[in-house]
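In what comes next, chain A is part of two complexes: it sits with chain B in the first one and with chain C in the second one.
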Partner chain A sequence: MKGLHTLLWREYRSSRGWAIGLIGSLGLWTWIVSMINNEGVENRLALRSLIITVAFAIGVIVLSFMVGRLHTEIKHDEHRTLLLSPIPGYLHIVSRLVFAVGVGLIYAIGLGTLTWWVFSQAGAHLGASSIMQLVAAFPAFGIVTLLMPTLAWVLLLVLFANAYRLSHLTWIAVIVMCAGTPVSLLYRGINGLDHHLPVWTTAPGITDLFNRLAGMPTQGEGSMLTMAVPGVVHYGDIVGAVLLTGLLVFLAARLWEEMEG
Partner chain B sequence: MLAMLDDVTKLYGKNCGLSNLTLDIPEGQVIGLLGVNGSGKTTLLKLLAGLLLPTRGQVSVLGEPPRRVRSKLVFLGETDAIYRWMGPTDAGYLMSGLYPDFCPQRYLALLDSLQVPTRRAGAMSKGERVRLRLAMALAREAALYILDEPLGGIDLAARERILQSIVGQWRADASIILSTHAIAEAEGLFDRVVLLKQGSLVLDALAEELRERGESVKSTFLEVLG
Partner chain C sequence: MILAPALLSIMQILLLVVLGYAEYRLWRGTSSPTARILSLLFSGTIAWAIIRPFMFTL
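Showing the complex of A and B:
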């Protein structure tokens, strides 16, 4: 455990500028969102929601670059002190992942809170359960199903690229993979949320609100929705994402150990 | 025997890094590994550290393949860098968390004797960074210290301090193998001299014997390598 604690500290010392910058950018997003004062509550809500989605996607990209700096460490041989230590390879990978996921979670919770404020400004008065979903469960779901596999992919690809000294042509494929993975996972995550998020117990209900915005028929026009919500997410997505992350971390750890000699 | 290379050959594609080299390293010796650039010094040191595998032959440290006993080895590479954000205090904290044999008291003494400044590595000169890396490496209580060019790019006064620190860390149960081009400054430190030329061993002699014959390590080096 001392090894993991030390590696987490190293990651914090190495990446705190990135972490503080990303978390600090929540202030910028809040300011941008608060500056949107279009006519019409629907337009305002749609634009503000779009900005929050963009902010989340930017957060994933920033965190991918943050963990991807392992490439620079290897290039400059700075990782040698870590490489020769008796600490198992997987701990080196896990520590980088845990720190980035922790930062991502704080950031996502901030965005969730901002989303709650945006909805309250649109006149949707959420119940306690819905607030908890928006502020805690919804961000955690996004982190587990989107951010964790993406960062594990980035770590694996960086190690792979450095271990095998890729040619220029292969680099193109790697960049396509790096860029394509978050995009596909983002689509997968949004798609998953769309299909699996339960109806919220709100008045008039978030789903109704979205349906009304899209001009689609609503389930409980003007009335309180009372559907029981067993959980915020589809557990299949979580299990799949955790298994995928575990597999990617395992492969990255094996590559790290190969690099040890 | 602390370490042994038995008829070791290392090929890099068609190029030969080391050729049929046999070398024993007993406990308690300071070995100077000498040779011109490209003679195979770094290859030999990396094989001993388990960072490379031999193409043919056997390498063992404490009777095991080097990778299995890496925790008992210290390898200080020529090109190793340290994190630019890291100062001596950070480096000590990192090393004590990663290496169970790291000795903080010895590290503090080394920082003092090597006159390592307290600022972060990014603001240090190259020589100061080398001294910090050396303090990190020598503060471990290992069986074998493998030092690849620790004097590279270092001014004369700092070389003296580094050599004194290396001698100060010598223990009867540990050995040091050190490659260097600064032969004149380091030769008083060596118990034994190993000379490589084009991947082959051309001289393996006790420094004392050379001195008894009235030869310096430097003159022997120039004579053998022509």
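Showing the complex of A and C:
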């Protein structure tokens, strides 16, 4: 594990500009969200939520480019300086993934905190469970189900393309992998794990707000006591995403060992 | 009406030929067994996606 510490330190040194820039952008998003003063609580809530979703998507893209810089590093043989003490291939992959996921988690928690502020501005009476759900549970869920597999896929893409660097076929490899991945996911059924699993329900504070905005009673007959988030939030997604990430990291590590080890 | 399915089949055959050539180049273009298996997997699933609608029309 000593190698992992060295690689994490190295990753911090080479990517801290990206990390600080991304986390610093939370200030910009906060300013943009606070500038929205549309008429009507529903409009304000919808627009602010949209901006936070866009901010999360931009964060995923930025982090993908951050880990994708591995391509340039391999091209310039920058990691060769570490070969005096050989480090297993999977540690190279895991260190990059862990650093990027850590930065992503901080960013997502920041966005979750912003969401908490947006909901409290919309008049939601949030208890401890609602706050924990917005600030910790949803961001962690987004990181595990969306960011982790995406970054592992980007690392595999870089190493798969790198396997064809000498024969100058990287562009064919990239096209085949980019076209083949969605088809593979479709037919392999990894995302189908969640079909028979229970849905994640939102905490009462958030549910009350939606009940109120929808003009429904917050308690008793006709109210939505726990509002399920249909088709998106499933415990099965977590299992599927972790398995998928593990598989992608394993394949990327094998490629590293075969090409660079 | 008669030409449409035939043209579709020709398109599919052309795509398969291009894919087959790309896979051949990828197989020859690396010494990494994992990269070869991955390229086969991706090309295979793309080929399956191309062939599948064709099979239903037979």
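In this section, the second predicted complex is superposed on the first by the 190 of 261 C-alpha atoms of A that agree within 3 Å, B and C clash if a C-alpha of one lies under 4 Å from a C-alpha of the other, contacts with A are read in each partner's own complex, and residues count from 1 in each chain.
In this text, a residue touches a chain if its C-beta (ideal position, glycine included) is under 8 Å from a C-beta of that chain, and two chains touch if they have at least 3 such contacts.
Treat the numbers as computed from the prediction; the structure is a model and nothing was measured.
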- Message: With both complexes superposed on chain A, which partner does A:H76 reach: first (chain B), second (chain C), both or neither?
- Response: first
- Query: Can A:S14 be said to touch chain B (first), chain C (second), both, or neither?
  - Reply: first
- Does the superposition put A:Y164 against chain B (first), chain C (second), both, or neither? second
- Query: Which of the two partners, first being chain B and second being chain C, lies in contact with A:G40: first, second, both, or neither?
  - Reply: neither
- Message: Output check: A:H5 vs chain B and chain C. Expected answer is one of first, second, both, neither. What do you get?
- Response: first
- Message: Help me check something: in the complex, which residues belonging to chain C touch chain A?
- Response: 22-23, 25-26, 28-35, 38-39, 41-43, 45-46, 48-49
- Message: With touch defined as at the start, can you tell me which chain A residues reach chain C in the complex?
- Response: 160, 163-164, 167, 169, 172-173, 175-177, 179-181, 183-184, 186-187, 251, 254-255, 258-259
- Task: Would you tell me which residues of chain A are touching chain B in their complex?
- Result: 2-3, 5-7, 9-10, 13-14, 73, 76-78, 80-82, 84-87, 260-261
- Query: What residues on chain B touch chain A, complex-wise?
  - Reply: 49-53, 66-67, 70-71, 73, 75, 77, 79-86, 90, 93-100, 136
